[in-house]
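For reference, chains read A, B, C and D in written order, and residue numbers begin at 1 within each chain.
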């Protein structure tokens, strides 16, 4: 890409603001905990505003990558600090910037120190600083068009996440504190190891790509591939593809690389769990769409059947396991695995419906999971237990909580009128158009989704009121502020997703042309 | 004028939004607002109706395109409405009956502290149902389809503290979901086949594709219809759905929602007409359900469940008729409408009875109620006559036509179907008579209601009556008036529709109509119908009218016991699906923990062990390290030399 | 005679020195062996300088000597302090690298 | 040996010199690694180094040759000897191998390495030797100086820095700061009393001494040698000479010589000797 960078480095600023905010938040003295919270909230809101600018400045029908910035970084290896967003990136940046304020707000009290150890002991500051740091990295990775830069972010993200999972566990744990701490660190280490392994394999592939292509610029390589000036031996391409895909599949997570997610989401606090599944994991699926398909179109097509199969397994398997869970958060985690299966399937269905559906799915799943998980978090903090069996009849004592929980659940089972339905149906249609059998099998997922959601709702919210929950207070103002906008968003996007699809579609069209795929034409037309 | 269509949906939707988000301050006025908006919707419907009458038969259909819903490349789903005669029929039925039931509920739910939410749900249902029938493409229809499913879920489980209610609601939703699977697959098939799923293009192009594809689509649609309309094999939820408040049973599970399947099939007539196999499947499903429901209805002692069985079988009639193709569509819809009237009436009557009997639902504990609640008795009686098809009443006209059409199907099929429908009519007469007698005639068999916690505590007026002898009384006006109106409907609607077959002509532009000619003349069919009917009534009277009804149900024959348990179909589900599913999930959870996770942990452990072994090599003696260094250098040199050499 | 023999000699000495480093336990002797190796290198360098006909080789050898001197000084100092602390000059006694 | 410039090809004289001295050098090297005592190793290394110096000269590296003799053999090797004296002979000197398989590994590596080097040299085409005639034309030292102060000036400076650092480092390492005042004799004796052992001064060595024998432990009444009598350093070096047997042997030798000196007649011995022999036979 040429040196021509936009007048105002909007993307950099959008990512830099939370980063700076993180440092400031971390610097807040121990006594001024509330100040740190407010600071974090304001910063995240500011980022949201900047993200809104990004969305506005982005012209759907303009160039493929917009708001581009390009600066030399490591000349010797042709590594450049290269940013640029297509519709997909814009959508996901918007999602990230949108969710973080809610996460911050929902985690308002999650990191309050139970005891004051020392004057320098300030977990709260650390908690919010880490969240902001993650936000910065995620946004930047959605905007990075330099493979190496992306890789760095992809890996660096793990560090704050590791501390968020391992350092700030869910206080509603079963058993002794030591036991809980052990489980928490186990989850954190598991998360780290899984993603590191994936990352290392990806690193190998990145280096391999450099050896083959001679630079790291996604745009240049993609153009070279498209124009045919850069030939790759079939095996090379496939190996590189697998290297990239493995890392993304771990992050996504795709069966059978999924087992870190339930632990991580179960042990982390609800907001962090949302951060994991709704924001960070999206980087994986996003990267599949942006890097795997653009850089290795042939290999992608070659691997498609296997990946579709894995995605199918994830869908059904995740849903079935969700049915079998006894822990609310683990249930949501497995539900997410099922949903990620849908996303991956949509991406590799290689139809425009599938891919726009997948992109929408990323956004909608982010919102719906956030709604469900955060409400679940409120529920759990009230009762102090994650076990479904410990609840019952909550609906009677806390109707608003139950109502929001139900809406979140219905979104998860993708009820029409709520955002996830649109994306899920698009994915299904897109897949069905090319792989009818897969499409049909995947539809069983919607029944299973209904099963685990409604079972969860029934066991926790309905039935006779349990003694422990009798005194449970309903949602407080802060919590309503968190949940209400999310639900509103779900409804709006469910009925009027057009703005989103308009941003996404051109990018999808580009991707489709990258992989030289056309939507299968309907029989009737084909007959004519 | 077509801009009004959106208002039809908007009015109840607004009501739902306001009532559900409104909070407690609306508790006092909530029900009025809900009823008002339902009525408003009805008025709009009526206006549109008369406007429609004002136009010629062909240009009656109205279209309104609000906005594009999901535009992705060739995938175009719009929020757009289509109001033709078929939709209009439903609109009037839904809003009309809906409004009446709103009114009824005002009285019925009076003592429930969550009445506001109840009305919110009812409005939500109306909106969804209207969306379903007004949609101009299948995806939007799917929207409404799931919407009504949601509403029914919420309403069945309205008394959520009752585990049975919660379970029933969940069951209903799940079974419906299975059906929805069919619908969504059907839509995908349409999209891949026709490149669209709007009614117009799809139905127009139906002929252009292979019959196999059409059959597939048809069967998928049928699956959907089975789910929503409680047809075998997806009927199991309807019985349990009676856990919901009675008005809900009347509105959703008798008059409107459960008939959505019939609407779907009729609406997709073009597809079915071109796919005889699918049609056959439809007919078979209808016939089977017709008998199934009827038999179940005979065995139930719970008045609502008995009525539910009858609903099932009546819808079986409609489905069957719809399966007959052009000769049947019109009658299916006609029976649907009349059934909407009298079944709603019957349910409201049942509700009124329960209202008077501390929510006792067991008919064996009724008896001789006609003196205590005359209005209920009369209206219920009229409904009863209508449903058994007593000549001159609504049910007679519609059902008789269906039986004729069944015979007119021709060939052995025709005979079989005709026989089945006739038999069904007989059984209907039997079980309805049974209900009638057990409830209103004979001596009192009232029992003190069991104490409150066994009985659903929040069912209105339950606590205060608990443990005391019931003192049956007529229900308040708000409840009786709707019953009376519905009774009128159930008496005259059929006749009205059949005046020089107005209804058929009304629908003809939408569902092409061709006259079916039964091999035996229409008169003969009618005659036989009446005969069968009388036989059924006679048997019932002999069994229940002559000798006193035992309060505790006798063990009964094998068939009876099976029928009491919904012909064991439910148990089958439980054993195969529920148990099996539980085992499957449990084993999967175990596998996930041991196998998938185990592999990873195993690798980690082995790596640890290996490194432990490698540690032994590091003996800490500088000289041995030096050796290794030296050896390494030697190897390197050797390597370089070899490289050079090569 | 071909001066290349000097190189052979150098390599021979180097090898001997290396072997000595490996088999002797006395730190001082080990050091001597290191010196021997360095000297061998010097010889080689000098021979090379003769071969190429310029003095760079000798320069390098000179630097080697300087560095060797420094190394010896420091090394011996270390040995002395080690001996003071643990009354032994055996390299095996300093097996602190063991985990 | 050429006058001022090592010619490309070596003269016969140089050849002779090479073979003779080269052999000695190798022997010296072997001695370095095989001699038991560090002192001997040092000396044989010195020999090797001197020979190397000669070779330098032969190769036209006059400056280096001289430096080799002065710096290496003169300074560094002396330093070695000093340290050896300081440390003395230690148990580490024994050639016995303590690490299992170390020696074989070392031998294998060394052999392989050597073979590799030789092979490498053999493969390389090193037949053309320019000779230093031109380079040394202006004198070897001048040539080196010209290079050092032009091309290699930075390296030169840095080596200067290195040397200084090394010197300082050596001082730091070896210098022992005395933190507390040295104990006076009185304090020492008081401490001895406090500790309650060896109230009297340590027993003296050198019982049975025939020369000033600080390394002979004194004998306790029961005839066993007492370590206490020997200085700590000697003990550390393991240089305590075993007394009991040695001393008796010396005693016998003493008596014998005394007899010879006194010149006893052979008779008694002859008389006595058979008896003694008988006794021996009897025993």
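Here are some notes:
In this section, a contact is a pair of C-beta atoms (placed from the backbone, for glycine too) under 8 Å apart; a residue touches a chain by one contact, two chains touch by 3 or more.
Being a predicted model, the structure only gives us computed values, none of them experimental.
Shared contacts of subunit B and subunit C, meaning chains that touch the two of them, come down to D.
Interface comparison, B-D versus A-B: the higher number of contacting C-beta pairs is recorded for A-B. Averaging Cα coordinates per chain places subunit A and subunit D 72 Å apart. Centre to centre, using the average C-alpha position, subunit B and subunit D are separated by 105 Å.
Note on chain placement: the centre of subunit A and the centre of subunit B lie 37 Å apart, centres being C-alpha means. Taking each chain's centre as the average of its CA atoms, subunit C and subunit D sit 16 Å apart. Shared interface positions of subunit D, i.e. residues touching 2 or more other chains, are given as 99, 102, 105-106, 109-110, 113, 117. Residue positions of subunit A touching 2 or more other chains: there are none.
The set of subunit C residues that touch two or more partner chains comprises 18, 22-23, 25, 91-92. Those residues of subunit A whose C-beta lies close enough to touch subunit B in the complex are 190, 193-194, 256, 258-259, 317, 320-321, 323-325, 352-353, 356-357, 393, 395-396, 403, 410, 415-417, 421-422, 425-426, 428-429, 432-433, 436, 439-440, 443-444, 446-447, 450-451, 454-455, 458, 461-465, 495-498, 501-502, 505, 509, 519-525, 527. By the touch criterion given at the top, residues 615, 618-623, 625-627, 630 of subunit B touch subunit C in their complex. The touching residues of subunit B, when paired with subunit D in their complex, are 619, 621, 623-624, 627, 630-631, 633-634, 637-638, 641, 644-645. If you check the complex, the residues on subunit C that touch subunit D are 1-9, 11-20, 22-29, 31-33, 35-36, 39, 42-43, 46-47, 49-56, 58-59, 61-63, 65-74, 76-81, 83-84, 87-93. Taken together, the subunit D residues at the contact with subunit B in this complex read 99, 102, 105-106, 109-110, 112-113, 116-117, 119-120, 123.
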